[in-house]
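In the part that follows, the structures are each spelled out as structure tokens.
After this come two complexes, each holding chain A, first together with chain B and then together with chain C.
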Partner chain A sequence: MADVDEITEAYADWQVRCNGNRRLAKMLRGWDRVVHLVASDTGDGFTVTVAGSVLADLVPGLVGQPDLVVTATSEDFADLFWGDLNPSEKYVSGDIVLAGSSEDVLRLDAMSMVAFLDQ
Partner chain B sequence: MSTADRTVDVVVAGAGYSGLHAARHLVAAGLDVLVLEARDRVGGRVWTEVTPGGATVDQGGQWLGPTQDHLAALAKEFDAPTFPTWVQGANVEVRDGTRHEFHGLVPTSDADASADAIAALLDLDLLAQEVPADEPWTHPDAVGLDQRTLAAWVDENVESRAARDLIATAVLAVYGAEPSELSLLFALGYAHGGGSMSALIRTAGGAQETRFTGGAQQLALRLAGELGDRVVLEAPVVGVDHGPRGAVVTASRTAPDGSTSPWRVSARRVVVAMPPAVQARIAFDPPLPGARDQLAQHAPMGSVTKIHAVYDRPFWRDEGLSGQLIADTGTVRAVFDDSPDDASHGILMGFIAGSEDRRLEGVGPEGRRALALAELAFGFGPRAAEPAEFVEQRWSAEPFSRGGPVACFAPGLLTSCGEALRAPVGPIHWAGTETATAWSGYIDGALSSGVRAADEVVSALGAG
Partner chain C sequence: MTGPRPEGAHAAPAGPTGPTGPTGLRRAMGLRTATSTSTGLAFAALQYLAAAGLVTYVAGDSAWISILVAGLLALLAWGYFGELNGMFPTAAAIRRYMAQAMDDRVALSITFTYLGTIVLVVAADAFVVGAALTHVLHVPTWLTAVWTLALLGLAVASNLRGVKVAGWVQEVATVIVLAATMVVSVVALTRAGTALHTPLQPFHHNSGTNFIESVALGIFLYSAFEWVTTSAEEVRKPEHIHRAMFLAVCILFVVCAVMTTAMGHLLSHGQLVSAYPQLYLGERAFGAAGLWVMAGITAVTAVNTFNGGFITASRFVYATAREGSLPPFLARLNDRAVPWVPVVGLGAASFLVAVVVEVVGGSSWEVLVAMGAALEGMIYAVAAYCVLRLRGRLPDHHRPFRVPLVRVLAIVGMVVFGVLGLVASVSVSNRFDPLPLAIIVVTGGLSALYTVRQVPRLRAAEAARRAATGRRRPARAPGTSPTPTEGPPAPAPTEPPAPVVP
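Right, the complex of A and B next:
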């Protein structure tokens, strides 16, 4: 189980990685979204806003009208942001539930692959 | 119509997964069914063999993936044991003649090329989501997409050669064809039928996720066992005389002395459960409508040879390797760890596909073996050059499949003849994985196509 601080720390690492990635910026062009993250085990909620190919800071709580809702365990969120899991596999296995369009799922998958390419 | 040697309600031509599943549903509806199969076995493009050394190898289709619900249900019903495809460890990439190791779906030795490939994959997947998998020809820009090849799209949208090579490797493994051979519309609809292009090329979380202990043919054998003497082997259908009230199907039966003779079976309905290119060898009287005949002529099978190198154990795992390999050039462009669940043997399985498969026609089995083993040794070390056994299944030389894994629709075909793909012709109904509305090209699609064709027949005959 990961607490709010751990998820926030992992997200901050992911955010730097993504926002500093010129390839990702290209892939996210035109994909402006409000994303709600819901930790199924702890009940914690977070909001991520993507605008102009930039990921904003993680905001505690579910803020605004979401385009996409991602539900997973707190541990999976932390692992996702640290790059330790493949979201597509977790999505297919049902461990990560995405309420949004198929386009949103595909973009998240591509984001996670590109974000860690240079590791 | 000529006189018949036997009369049934329905003849099913082909005892692959689609034909067997269709027959099962027709029998359940109370119909008298006869399945005519050309080969001396059932399963079609799914064929499990045990080597002289005791290794079980799937010479054709072998995997079960997420959302392949028809196959999963059948496996559950027959209590067929499954296990995850081995993916632990580093994958090997051979790029520009250099060996690299990587983790995950996409190689990382050239991050720019990999990013290009991922971006292209995303763009293709986004396009694919807009193409109806069941009726690609209804897409608003169907004609535009159908006039182009997948290669043309890649050339226009992917800058780096390395990324284009990566995509070509994936396409060869999935379709058994070069990107230049595929209509873009067909490639997109096919991908959408399996969820996305990404889903088709993934192992964990994708189409290659799960294997059957004891091989993938076992479910076909169980289906055939249920059907009993309704399945007749070594009886290729050579002709179908049809009219408004039914058809007379002519099969060529082989006697114990090797002589052949025509065998005529009268039926109210016929289910043709085979790829279009194989169906094209059947003489229909009266001839099929032009669109259906053209469709069969312009949808050639992919070219693929499946090789298995069998070792005493999966030695690559000791070195932290997964057994998966992709290569930008060469003979074997994609390799998987195909060892059994208990690792009682080590097996590396690879695909020789597309133009390379055709190029190596004249090299012969020994030549292909030498080329393949040299490449396996480059990827996995010198031990890979000395397998205890080596087997190949060259599907393009198999007369009752004519290639594999699936028919590849040429540019322009779907928009001009696509509607003929499943449309019954009088008493004739079409099954086979190529006619599936989801997971076309896979065992799951074969099964669903069989059910759909059987439902058509049951409805037409007022049975059930």
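Right, the complex of A and C next:
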């Protein structure tokens, strides 16, 4: 299990990658969303806000009304933010559970992909 | 890297859709939108042609009986998809329940073949709308290809720009199409001024085989109502999908029954087997104005078909490519985060099919209807198999909805839908024609060949890339609980994203 600090650290790395990616900035234009992350094994919840093509800092707890809810294990969240996990595969296998529109889901998946294209 | 949990980080234990559940979403789909989506996806322009074609198999205005029987069978399919959707309330449900119920290679082959239905429907719809425009404008028939290209071009361009028809637009479009079809059918029937000829005699001058063929075609009138299951993650309440599918089947029965009764009662054989029988129906109801009204209504059906077809197919191809079962270039995204390769590919494939239909001429579009009906029969039979198989394999899995008498109803479904699918695949224009079956077998064979030969190579290449890349996540400090970073290279469940270049 990954604890809150591990997930926060992983997210911080992902946030820098995403916010520094010009391609992603274009893709996120007009996509202002509130995303709730729920760790199914620890019960921890986090809120990610995207506004003006910029990812805000990870906020502990579930804040505001979400556009998208992502439920996964804490390990999967940490791996996802480090770019070590393909969320699509986890999604198809049912390990990552989503609630939200298919367009929002695709946008989130795009973020996880485009942020690590240099790998 | 372990540390104390910040205040307020704890969330309620997550359920199947997270602690807030779908009800907490800012933008969630209600029952009305889900119902209109399910109905709108099923009611394509091709439905008019299928309904008219069905009339040629049975005694005129008794075609509603075939539609009733097909509707009851569609309710059987509704039961299967209701149970499967309840078990796997996700857009990836078809991949999940098929992979659980059968060998993944078989599941992928079937899924790829089924995907062909979307290409067929989009192509046929573009052709039908184009043919209707050509007819009402009294212009040369070759212009049908131009309208088709323009329609598909518009659909591709709007998709590439990330335009998605809003739920309310979809609702309005569906209501307009269904209401106009009902009004035109009822007015046409009323204006005929004569009683129905054979409302209860489907076998009048027809054989039992013809009736079976008409039911097989009738299944096609309901086809795609189950595509709404891909919206399972965005509904306000999980049961909305299940209820929406039921309501859609009921609505489709009423509209299609009235429409076929009117067509069977009023249209000649030549009009019934034309590429625009709905225009003749409109003409019988309101004269020249009715012709234009139905041409407009035919064009409106494209809103739902193109929107649903393009989005469903392209996103499915994207997800399958990201999953590693299709080449990575199919997951390339444009600057609006749209998987542009599948969108352009679907548009091009649909245009090609539509042009072939036009060039071949005659009633070649009926081959598309037969293929669509056959593939729907096949997927319903597969759904019945999955329900039965998963009852054995996953007996304790949460099932909000269960098919009653599953052993009986699943086997009945497998047999009935299998037979109807087979019958539909060898029947074109009320005569034996194995062309649809041949095309399906070739498509299925190519899908199977791809799955057996190419998919393992793609996955091996991805595994090699993964092993060479290594992991980014830092190792934990000694003494803390182990993570996969301390072990050998990442196993399959924790692999990095596919090497795509959007």
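To be clear about the criterion, the second predicted complex is superposed on the first by the 119 of 119 C-alpha atoms of A that agree within 3 Å, B and C clash if a C-alpha of one lies under 4 Å from a C-alpha of the other, contacts with A are read in each partner's own complex, and residues count from 1 in each chain.
One rule holds for everything that comes next: a contact is a pair of C-beta atoms (placed from the backbone, for glycine too) under 8 Å apart; a residue touches a chain by one contact, two chains touch by 3 or more.
Because the structure is predicted, anything quoted here is derived from the model rather than measured.
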item	value
Contact breadth on chain A, by residue count: chain C or chain B	C
Which superposed partner A:F46 touches (first chain B, second chain C, both, neither)	second
Touching partner for A:R107 - first (chain B), second (chain C), both, neither	both
First, second, both or neither for A:W82, with chain B first and chain C second	second
Chain C-contacting residues of chain A that also contact chain B	23, 26-27, 86, 88-93, 102-103, 106-107, 109-110, 113-114, 116-117, 119
Touch list for chain B against partner chain A, complex	66-67, 104-106, 108, 111-112, 114-115, 118-119, 121-122, 125-126, 129, 196, 198-199, 202, 204-206
Of chain A, residues touching chain B in the complex	23, 26-27, 86, 88-93, 102-103, 106-107, 109-110, 113-114, 116-119
Residues of chain C that touch chain A when the two form their complex	1-14, 16-22, 24-27, 88, 90-92, 95-96, 162, 164, 230-231, 233-234, 311, 315, 318-319, 322-324, 331, 333, 335-337, 339, 469, 471-473, 481, 483-484, 490, 492-502
Chain C partner contacts - residues on chain A that touch it in the complex	1-6, 9-10, 13, 23, 26-28, 31, 34, 36, 38-40, 43-46, 60-62, 65-71, 75-76, 78-79, 82-95, 97-103, 105-107, 109-110, 112-114, 116-117, 119
